[in-house]
Amino acid sequence: MSSTFGKNIRISIFGQSHSEAIGVTMDGLPAGIKIDQAKLQQFLERRAPGKNKYATQRKEADKPEFLSGLVDDRTCGAPLTAIIRNKDQRSKDYDHLKDCPRPGHADYTAHVKYKGFEDLRGGGHFSGRLTAPLCIAGGICKQILEQRGIHIQSEIVSIGGNEEHPYDEIEKAMKTLDSVGGIIECTATGIPVGIGEPMFDGLENKIAQAVFAIPAVKGIEFGSGFEMAKMQGSESNDCFTYIEDQVKTTTNNHGGILGGISSGMPVSFRVAIKPTPSISKMQQSISYERKEEQELTIKGRHDPCIVPRALPCVESAAAIAVYDLLLSATAKGEIREEYL
Amino acid sequence: MSSTFGKNIRISIFGQSHSEAIGVTMDGLPAGIKIDQAKLQQFLERRAPGKNKYATQRKEADKPEFLSGLVDDRTCGAPLTAIIRNKDQRSKDYDHLKDCPRPGHADYTAHVKYKGFEDLRGGGHFSGRLTAPLCIAGGICKQILEQRGIHIQSEIVSIGGNEEHPYDEIEKAMKTLDSVGGIIECTATGIPVGIGEPMFDGLENKIAQAVFAIPAVKGIEFGSGFEMAKMQGSESNDCFTYIEDQVKTTTNNHGGILGGISSGMPVSFRVAIKPTPSISKMQQSISYERKEEQELTIKGRHDPCIVPRALPCVESAAAIAVYDLLLSATAKGEIREEYL
Amino acid sequence: MSSTFGKNIRISIFGQSHSEAIGVTMDGLPAGIKIDQAKLQQFLERRAPGKNKYATQRKEADKPEFLSGLVDDRTCGAPLTAIIRNKDQRSKDYDHLKDCPRPGHADYTAHVKYKGFEDLRGGGHFSGRLTAPLCIAGGICKQILEQRGIHIQSEIVSIGGNEEHPYDEIEKAMKTLDSVGGIIECTATGIPVGIGEPMFDGLENKIAQAVFAIPAVKGIEFGSGFEMAKMQGSESNDCFTYIEDQVKTTTNNHGGILGGISSGMPVSFRVAIKPTPSISKMQQSISYERKEEQELTIKGRHDPCIVPRALPCVESAAAIAVYDLLLSATAKGEIREEYL
Amino acid sequence: MSSTFGKNIRISIFGQSHSEAIGVTMDGLPAGIKIDQAKLQQFLERRAPGKNKYATQRKEADKPEFLSGLVDDRTCGAPLTAIIRNKDQRSKDYDHLKDCPRPGHADYTAHVKYKGFEDLRGGGHFSGRLTAPLCIAGGICKQILEQRGIHIQSEIVSIGGNEEHPYDEIEKAMKTLDSVGGIIECTATGIPVGIGEPMFDGLENKIAQAVFAIPAVKGIEFGSGFEMAKMQGSESNDCFTYIEDQVKTTTNNHGGILGGISSGMPVSFRVAIKPTPSISKMQQSISYERKEEQELTIKGRHDPCIVPRALPCVESAAAIAVYDLLLSATAKGEIREEYL
């Protein structure tokens, strides 16, 4: 495992779906930052289950308990740790999964890597539930960035390929005991020019690294992304111009990033989310013990589509990466004073 | 800048397009590994310019000089450093670029970040030339992986959207003084089950982080990637089966990675390469000094398409990421003995 | 703050003296390791206060609660997090410290660094209390190392300069409302030859880095240390010999480390611990507000000497550093098989 | 090996005593910093051999060649790499060392770790020669710190225990074909309050980690160090006072560091240097092949004492650590504006 991210800010996520608690430590936050708890809670509720009819109906408070790092809701310079207790985590029986990995999940790969000692209750550390602490860290970074005029938001581009009526596809998947994937677009505005540490810690490198921490993500593209692969240079190059004495580009195929560094245009990227791997339909799997195929039916309720709940997760990954790189640039005096 | 990658193996790339030399240091290589210099040279020549009629005609040997870390072509445990001298690096005049950033390049973003002190000769550290040391490191990692039965290869999927006759699009771009992008697919076979350190250092996270070090990359997708966003779970989930007593999946939408960890199926990903930003056509840019728009014509010869030369770069990025993660898994005893 | 240590094992410590809880996350532990909870508790009690008549009489259970990473007392591959709740943490009034820094403490430096937002209750993150999570991590690493035949132990060399009857000095300090420092020697046996990653991550570098995380440490020396500065080479060089077919040295001035790498001889180092800075005697300090000197008397009970309680902390720092470097060497296949 | 140090500035040292070249890469330097080459050369000559009658007579220019990162002697934002060519590196025969490790050197530990593939010519990567690139990096950091009013200097405290006439001990050692160790004191003035990232990256942790990269260092103590272990708290605590409206302490037992953070008082530490392990006297070693003891006489000229040449190395280690931590504090806005 390597559930640690960042250089000047280090995010360390811990917990399994059914361990005592899940949580996150943020080390390196400047002191004196005010955290708006109500706003953070609002942000977390966007990913919480049971919030719309397409999501699992399990009701969880997901209210973080802050163990350290805050004094009167302000950062104090010490590492900030927040946890969320898991409830009823011992209630279910996951013994049947010991012998039969769920398709599309990490059951099999974790089983080999951790030699049978993995926590397979509810997907363990691989559970989508671990995006809750990601969102705590992301929500905090988002608030800090907003205090500096940087805003990160995201929206659903399509579900099941349907851009017009994405939610219709969720309905269809529900009816057929199936699930469906989708695409999310995330945009960050207000990032000053000069953020990003190429070659390996450029904005694209670090946003991509962070975004792939979200379990179901299978692709990422910046600006016009894969469309640029079809273009000619005269189309894809964004022309420079001046708008109110500020250098801008007339188009934004580059997605606000040139050479790994922010250009002052909106940073935009799209993320491909695969269908929820847990489906109620019967699937083909194997028995480790008998070394042969066996059928598997996963019981319980499952999100037919996790794309809506993935929105704050994608924003969180972006916020963490952008904030860490903002600090790297600040360290070297590369950011204009008003951002300090 | 952060031109350093990896944890157990640390790759540190240095140099600018027109500095005295470019090069790479690899720290953390096990001692006693035989480097096949002829094979490495062959690999480097795949990215060298002037090797086909679609590439720039500048002839460069690009033969690495090994300064340290090798004794009789075997690693000795000390950091390995190889450099390539830049020839004629002072000959050209880049003063005109001081006032006029090239569209699609990092000229403007570097200018702001480095406050006018950036090396703008030939694109400085942002030049595609810096992929040469990436390929030295990648070629070496590739050889080591091959000694362990892991093979990484790549091919062109399409150029300018043309899958049938990709090279026709390069011809067209040449004739119109334009350039064109494309898509590369890279596949790694023989990776043992259990490689990858989720959440943040999974195979997808680290391959993506490494691949975005290649200047023109704007997107990456693993397995069926963005196509999965259109699928239903019953389609996208890959069923488990046994083939010769080995766990395999009947399809490979997951691209050999589940939960960030290798599944034993081929690891496959596709990368979107944007068109070469340097084109001979006139483009619109700006004058920093006059704070207004001005036209720009870039002189000299340019690759109409860098996709063919990007193949070994993509393989290199993958090789570095995979090898570093192989060592992380080895540290914890997660790899079967035959891979040690 | 940077309360994170290690490469293959990452230890992240959080909490303040009076926050809700203190704790530690260990990321990167191999799966399947059995943790002996009773043994861990015994180890933690060696640093707990109130265990002997020379230590503060506050009674704390200091019993770690494991939030994640363990299933049936075995590591599961996911990050392990353990916390200790702070009791009565809001009871005391620390307002007087806002204006008057305690000599020998981090009050003033933290006040400037964290701009007045630091948590000054009980010393915040700088409190000796934070060595409890260090000892949780250290105790676990120690158990793992013991399973591999590596044993770390420490003893008091002197207190207040008294080697013969060290505890007499504690008595004296108590009677005079004063405190006293001392020297600890730590020895690790059974470390295989080849551990340590010079130049910057050699055994000396990393043990020293870890040991200085213990608040009162002001010096460290390996082997004969500062005594070697008085020697001639013919005295200080340790001669090689064979003992039962194993290479050994006839003396151990080098403290088991040559070139940053373990030699197979016992790794030994000594650490200087300063006197407890909290003393009941009146001291001279300042008032920030009045910008002038003022007298300070610190109330409450204080350890007259923290050296006895520092023993498990020093062992913990050594255990963490040694274990992390053991994994680095394992990654590269530098360790003989029986240690895997 | 892990010859990489630092977070915001990453120093990567490469080379062996007899490889083609030795060198260093500095990644993360802010752009626009003027490097005074003459001053750097002066600094490097302080560690060069043959500069005084007590040092080896080999004449080496040790003039760094800058391969990248500088444009007109100013940093350009790209990684800075400098190398020093090794001359005549193939001339000597080191075959006899293959079977007989030199006492006090890393020959044996490297032999086991690198399984016989180590470069044993002249000590390989463990040679004191590798402190030359350390001093290039250190000399550059020193210049940058000086531009911000931070000055680092060092002096010899004693040689062979002799504080009065240290150089007499070198004479004695020469005459007896022996060598001798000593103690260096290093002081940094002008460090603003608030530098250092406890718990693990405090000033003491990082200076110690860096200093132990110098081959012969066996101990380090800050402020009154090991003397504090003999003191009472009322003696060792430094009282706060105001001097010209600045908070200062009346004494400096804490060596300018409280809680790992700079206090504004001079940062001071002492380092123990062991005697040069290469001596002309006959010594006892072993034959790997015959698995028995054998006598060893090391030919050639050797420094009877490396303490004088170690001075700039110690300053370099301190400069690198301090500068990296200065950037970490700057990232978080913890440093007063005049230091930016």
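Observations on the model:
In order of appearance the chains are A, B, C and D, and numbering begins at 1 in each one.
Throughout what follows, a contact is a pair of C-beta atoms (placed from the backbone, for glycine too) under 8 Å apart; a residue touches a chain by one contact, two chains touch by 3 or more.
It should be emphasised that the depicted structure is a prediction, and the values quoted were computed from it without experimental measurement.
Looking at A-C alongside B-C, one finds more C-beta pairs in contact between the chains of A-C.
Relative to chain C, the most remote chain by averaged C-alpha coordinates is B.
The distance from the centre of chain A to the centre of chain C, with each centre set as the mean of the Cα atoms, comes to 36 Å.
If each chain is reduced to the centroid of its CA atoms, chain B and chain C end up 43 Å from each other.
For chain C, the set of residues touching two or more other chains reads 1-4, 13, 28, 31, 110, 113-115, 125, 197, 328, 334. The residues of chain B lying in touch with chain D in their complex are 1-4, 10, 12-16, 19-23, 25, 27-28, 31-32, 65-69, 71, 74-81, 83, 110, 113-119, 124-125. Of all the residues in chain B, the ones that touch chain A in their complex are 1-5, 13, 101, 103-106, 108-110, 112-115, 125-126, 130, 134, 158, 160-161, 173, 176, 178-183, 193-194, 196-202, 204-206, 208-210, 212-213, 215, 217-226, 228-242, 245, 247, 249-250, 253-255, 258-263, 272-279, 281, 283-286, 288, 291-293, 328-329, 334. Interface residues of chain D, counted against chain A in their complex, comprise 7-8, 28-31, 197, 327-328, 330-334, 340.
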